[in-house]
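Listed below are the structures to be examined.
One chain, subunit A, links the two complexes that follow: it is found with subunit B in the first and with subunit C in the second.
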Partner chain A sequence: MPRVVFVGLASCFGCQINITNAEAHLVDVLGQIDLRYWQLTHSEPMPEEFDVAVVEGAVTTEEAVSTLLEVRRRASAVISIGACAATAGIPGMAAEGYLTRPVQVYGEHVPEACGTMCAPRPVSSVIDVDFEVACCPVDPLEFVRVLQQALYGSNSFRRTSTLCGECKRNERGCFYGRETLCLGMVTRSGCGARCPNLGRPCNGCAGLSPDANVPAARRVCERSGVPVARFDEALEMFNQTNPAISA
Partner chain B sequence: MSKTAISVDHVARIEGHGDIRLVIENGEVTSCELAVVEPARLFESMVRGRRFEEVPYIASRVCGICSSSHVVTDLRAIEQAFGVEVSDRTRALRELLVYGSYLQNHATHLFVFAAPDFLGHKSVFPLADANPELFDDALSLKALGNELCTKVGGRSIHPITAVVGGFTHEISSGEYLELAEKLEAAQPFALAAVDLFNDFDVVDVQTEGDMLAMVAPGAYPVIDSDTARFVRSGVEFDAARVDEAVEEYAVGHSAAFCARVRATGAPYMTAALARINASWNELSRTARFAAAKAGLRPPEYNPFANNVAQAVEIVDALERCAALCRRLAEPAGAAFAGSSEPVAFEVRAGRGVGFTEAPRGALFHELELDDDGRVLRASIMTPTAQNIANLEADMRQLAGKLVSAGESQEVIQLEVEKLVRAYDPCLSCSVH
Partner chain C sequence: MLYRVIDASELPSLVSAFMETYEVVAPVRSGRSYAFEVIESFDDIVLDYPTTITSLKKYYLPPRETLFEFDKDGNEVRDFEMRVKPRVLFGAHACDINALNCLNSVFEDARYPDPYYEAHKAATMVVGVSCMPSEGCFCHLLDSDEARNGYDLFLQDIGDRYLVSIGSVEAANILESACSPREATDEDRIAFRQATRRRQAAFNPEIPDIQEIPMLMDAFHSDPFWEELGGRCLSCTACSSVCPTCYCFDICDTLDPDGKSGRRERVWDACTSPQFAQVAGGYNFRADGRNRVRHRMYHKLNGFLSAHDRNLCVGCGRCVYACKADISPIEVLRFFERKGAENA
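And now, the complex of A and B:
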């Protein structure tokens, strides 16, 4: 039985919690794996040997870097889950001027318990990642699908298209017609446009799509009465550490 | 001269990363710390300069379990700063959203995190084999909490629909009624859970600190009051002046701030137990009877009773939410004035303190916004950050008691871990 471990870095734990929210499927999924270490549910230390590592959270300390190097050395496959792990996500918003920030929160004496802090970055900037589950938080069933892929293999490739196409097929109209900013034009598809379906514009939690045409999206903003500066600012929420937008 | 050190790296079955460091010398507990080593994400710094619309979305990410509470608390802070009055319907939906997270949080804490301790397991999974019916019922209850959050907020974690002034989406009357039926159907198991946790033996520890909870006349409030009360001293304060009543301070071994009563320097606990102590009379009849049967009556200062208190709150929440859903199912305007559509408002400079009772206790978000609605200053005080100092005092008392009774190191370690879990700490919340 494949041996799987879960490792949590800087995050809200929401992705791990959401995986336990696959209630009906949870025991079925867990029946296929030997869950060596899931700190959220076990009181055992992390084992020496395992096959698959599931990593949640962004890298924000030197200690996390060492953990990841160790995880990569032992695991044959690494799955990163959620925006924090994939793009540095919300923690990544603090990346700019990071080293000036602890003092803003704690004052002069930053507790030693904070560890050796470093600017937030995605897991893939430290180690090779074999599979990624996007979004904030991950969809539990999408995680199950990717886990199956890691365990049993699959020929399917990750989607690269943008959310806009998915959303249009839902026929709910477009926020840009209402002078409202939405990041669907440049964000990776796959969630089924969950937020726009409920009347809320996309905040880009799946990260920038490799197919995104950011300059064209900026022109759409201009045409639609949405300030380009607002669009760029909104993109920072999940893409602060993505070199493609800083250009 | 004897010296014993008890050290637990990464306490299991709590949310986030924390270590226990306990030193016993010649029969005396000389040092007792809960080291909170969760990575700091620096939310208060991160949101500076961001526009108000983004701030609740970002604040939600403080915590995956209590995301509903962080969103609602942040919305309250912004609405206070802008002077926005939301409709009764919006308030009802927010209450449902927060209660959904109570059900999910309490069920997860009680059955996945706490119960294995008392049943002699290392994780929840042996429970699935040993008592599949209990395991299934517990998972169903957690699923029901998630369903409530999903129906109201769009998903179980990090709600989508709750925005400044109202909600972007609502479910149909039929769906509200269906929810009401499911909530009512879960009541027998919730009542059984109170009995189950009442049957577990706990060490007699009496917290010496105070307790803090939101209060309102004739209500068991969770989102709708600005008054907080220290249960023991009886001192009340307005949430807008929380920084005068409570002092936050940093210690080296915790990446989370600790908190104490500013006037006395005493630590305090905020949790389901504090709420029940503060508003016992306002629990639903069924919940109050269940609590009384379980021997949980105010004043109750044994922190282990927080487990039973959470079970009682599940009973209370099921009844309250079912009633709310039935009222929400009535035709527009019949039970609640106004709709939940976001109300119009003007962006202006101001300060607001959002205050709610999160599943784990009192939660405060303070925001100062400029006239463009951008954050000048933010301060978040979570239940767990408020609890750390009191938890450490209780750990010390418990360990001292067990040492005097001649208990083994293994017993002391397990009991101290059980105490940590009874507080249901959320360390990722506490550090943020």
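And now, the complex of A and C:
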């Protein structure tokens, strides 16, 4: 049975917790793996041997870099889960001037527990990632689906199309006709546009699509009465470390 | 074709009669727009709706449809029975009926008949209704403003009554039992003629009427216009989600959470999706917006016509509203108009 470990880096651990919301299916899922380590529930340190590593959170310390290099060396498959792992996410919001922040928070005596801090970055900037589960937090069943891809293989792949196509299928109308900022037009699809379906604009937690057309999206904002500066600022929440948004 | 006249006040009893045996889908309000949804009563229906966000395609080709189920461990396909609800699509505009006719010519192709599509179609009745064009409508420029076939009933609004074209025995029987259809009089025929003329006069004159579109598509295949149009594509695939005739799909296997069983599913795909033309080995033969948008427009305004003898664009205008980057067949027609002016 494939040995699986869960590793938590800089994050709120909300994605790990949300996996337990698979509730009805949780026992079935655990029955398919040999769960060797789950940082959220285990007191013992992570074992040295495993097959699949699930990583949550952004890289913010040199210690995390070492952990990841070790994880990559040992695991045959690495799955990153959540916005923080995929885009540097929430820690990434503080990327600018990051190294001056510990002193701002703690004063002269920065606790040792902070580790050797480095600017926040996504897991994929340190090691090769085989599978990614997007969003903040991850959808528990989407996680299960991706885990199964790692366990059994799969003939499906992630698309890079942006969100509006999925959103249209919900038939809720578009925020841009109401002069309301929404990041769907540059954010990677896959979530089914569930926030717009609940009446809330997309905040971009699935991350900027590699095929996002940011200049064209800015022109849409201009035409639709949404200030481009607000669009750019909103994009920083989940994409601050992505070089494409400064293009 | 058989024609009868009913009073507008008889429509509720017609819909109620359908609801006795069928699930009835009709245009209803959805926020500031409209959508086809299952109705609970006649009062839910907004019959003078301009258009809906997505089309009736979803009832023939659902966005996600199970083709069969399988056991992973036994590597076996299970017996699978498709469940289809008998359904009436009430209030379809002529463009949308023509769009369904396009889908029919694809999925009923004798060489590759599609049993899933066939099952939906066999269980579905279509009741059309006449309409007045809105700003983005250009069905008349693509020969789709009249539904000549593909419906069970078509209701032509001629004032306080409807001239009803009858397309099937099943629907005729329901019409007969629920209403008091009568022979059309000269007065009815004149009212129909006037309604048709009013509609013809109401199309947006800003949308250019271009002759020989398929030939122009070939002639201007390498024009820089395609870079300008496709370069602003957001790769969101809203166009094909709302399009009543985009029928491309992908097929994928999805495991159930227990890892023991799964489903083979058909899901909507789109040629404006960046990976649509990516092949084994990773090569993508339509790797940018220019190529993808041009391809989509070609299929709509040129390619399908030569294979199926009808335009794959029915001028419904949905993509005109759905595309925030302002990419639509209307922009192509405007480009041809500019080219004509330059040459003159």
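The criterion applied here is as follows: the second predicted complex is superposed on the first by the 247 of 247 C-alpha atoms of A that agree within 3 Å, B and C clash if a C-alpha of one lies under 4 Å from a C-alpha of the other, contacts with A are read in each partner's own complex, and residues count from 1 in each chain.
Just so it is clear, a residue touches a chain if its C-beta (ideal position, glycine included) is under 8 Å from a C-beta of that chain, and two chains touch if they have at least 3 such contacts.
Predicted model, so just to flag it, every value in this text is computed and none were measured.
K.L.:
Using the superposition on subunit A, tell me whether subunit B and subunit C clash or fit.
P.N.:
Aligned on subunit A, subunit B and subunit C fit with no clash.
K.L.:
Using the touch criterion from the header, give the chain among subunit B and subunit C with more contacted residues in subunit A.
P.N.:
The partner with more contacted residues on subunit A is B.
K.L.:
Would you check which partner chain A:20 touches, where first means subunit B only, second means subunit C only, and both and neither mean what they say?
P.N.:
first
K.L.:
Contacts for A:166 in the overlay, against subunit B (first) and subunit C (second): which applies, first, second, both or neither?
P.N.:
The answer is second: A:166 touches subunit C but not subunit B.
K.L.:
Name the contact category of A:93: first (subunit B only), second (subunit C only), both, or neither.
P.N.:
first
K.L.:
With the two complexes superposed on chain A, say which partner A:234 touches: subunit B (first), subunit C (second), both, or neither.
P.N.:
first
K.L.:
Looking at the overlay, what does A:69 touch: subunit B (first), subunit C (second), both, or neither?
P.N.:
Neither partner.
K.L.:
By the touch definition at the top of the document, which applies to A:1: first (subunit B), second (subunit C), both, or neither?
P.N.:
neither
K.L.:
Quick check on the superposed model: minimum Cα to Cα separation from subunit B to subunit C, whole Å please.
P.N.:
13
K.L.:
Can you pull the subunit A residues that subunit B and subunit C both touch?
P.N.:
Shared contact residues on subunit A (touching subunit B in one complex, subunit C in the other): none at all.
K.L.:
Can you list the subunit B residues touching subunit A in their complex?
P.N.:
It comes out as residues 9-10, 12-13, 15-17, 35-37, 39-42, 44-46, 48, 50-51, 54, 57-58, 61-65, 67, 108, 112, 122-125, 128, 139-140, 142-143, 146, 154-158, 160-161, 163, 168-169, 250-255, 417, 428.
K.L.:
Which residues of subunit C touch subunit A in the complex?
P.N.:
Contact set of subunit C toward subunit A: 30-33, 35, 52-54, 58, 63, 72, 231-242, 252-255, 257-259, 268, 270, 272-275, 289, 322, 324-326.
K.L.:
Can you check the complex and tell me which residues of subunit A touch subunit C?
P.N.:
22, 25, 28-29, 31-32, 141, 144-145, 148, 151-152, 154-157, 159-169, 171-174, 176-178, 184-186, 189, 209, 211-213, 216-217, 219-220, 223-224
K.L.:
Quick one: in the complex, what on subunit A touches subunit B?
P.N.:
Going through subunit A, the ones touching subunit B are 8-18, 20-21, 23-24, 26-27, 30, 35, 38-45, 57-58, 60-61, 64, 89-91, 93-94, 101-102, 104-107, 109, 111-115, 117, 120, 136-137, 194-195, 198-200, 203, 230, 233-234, 237.
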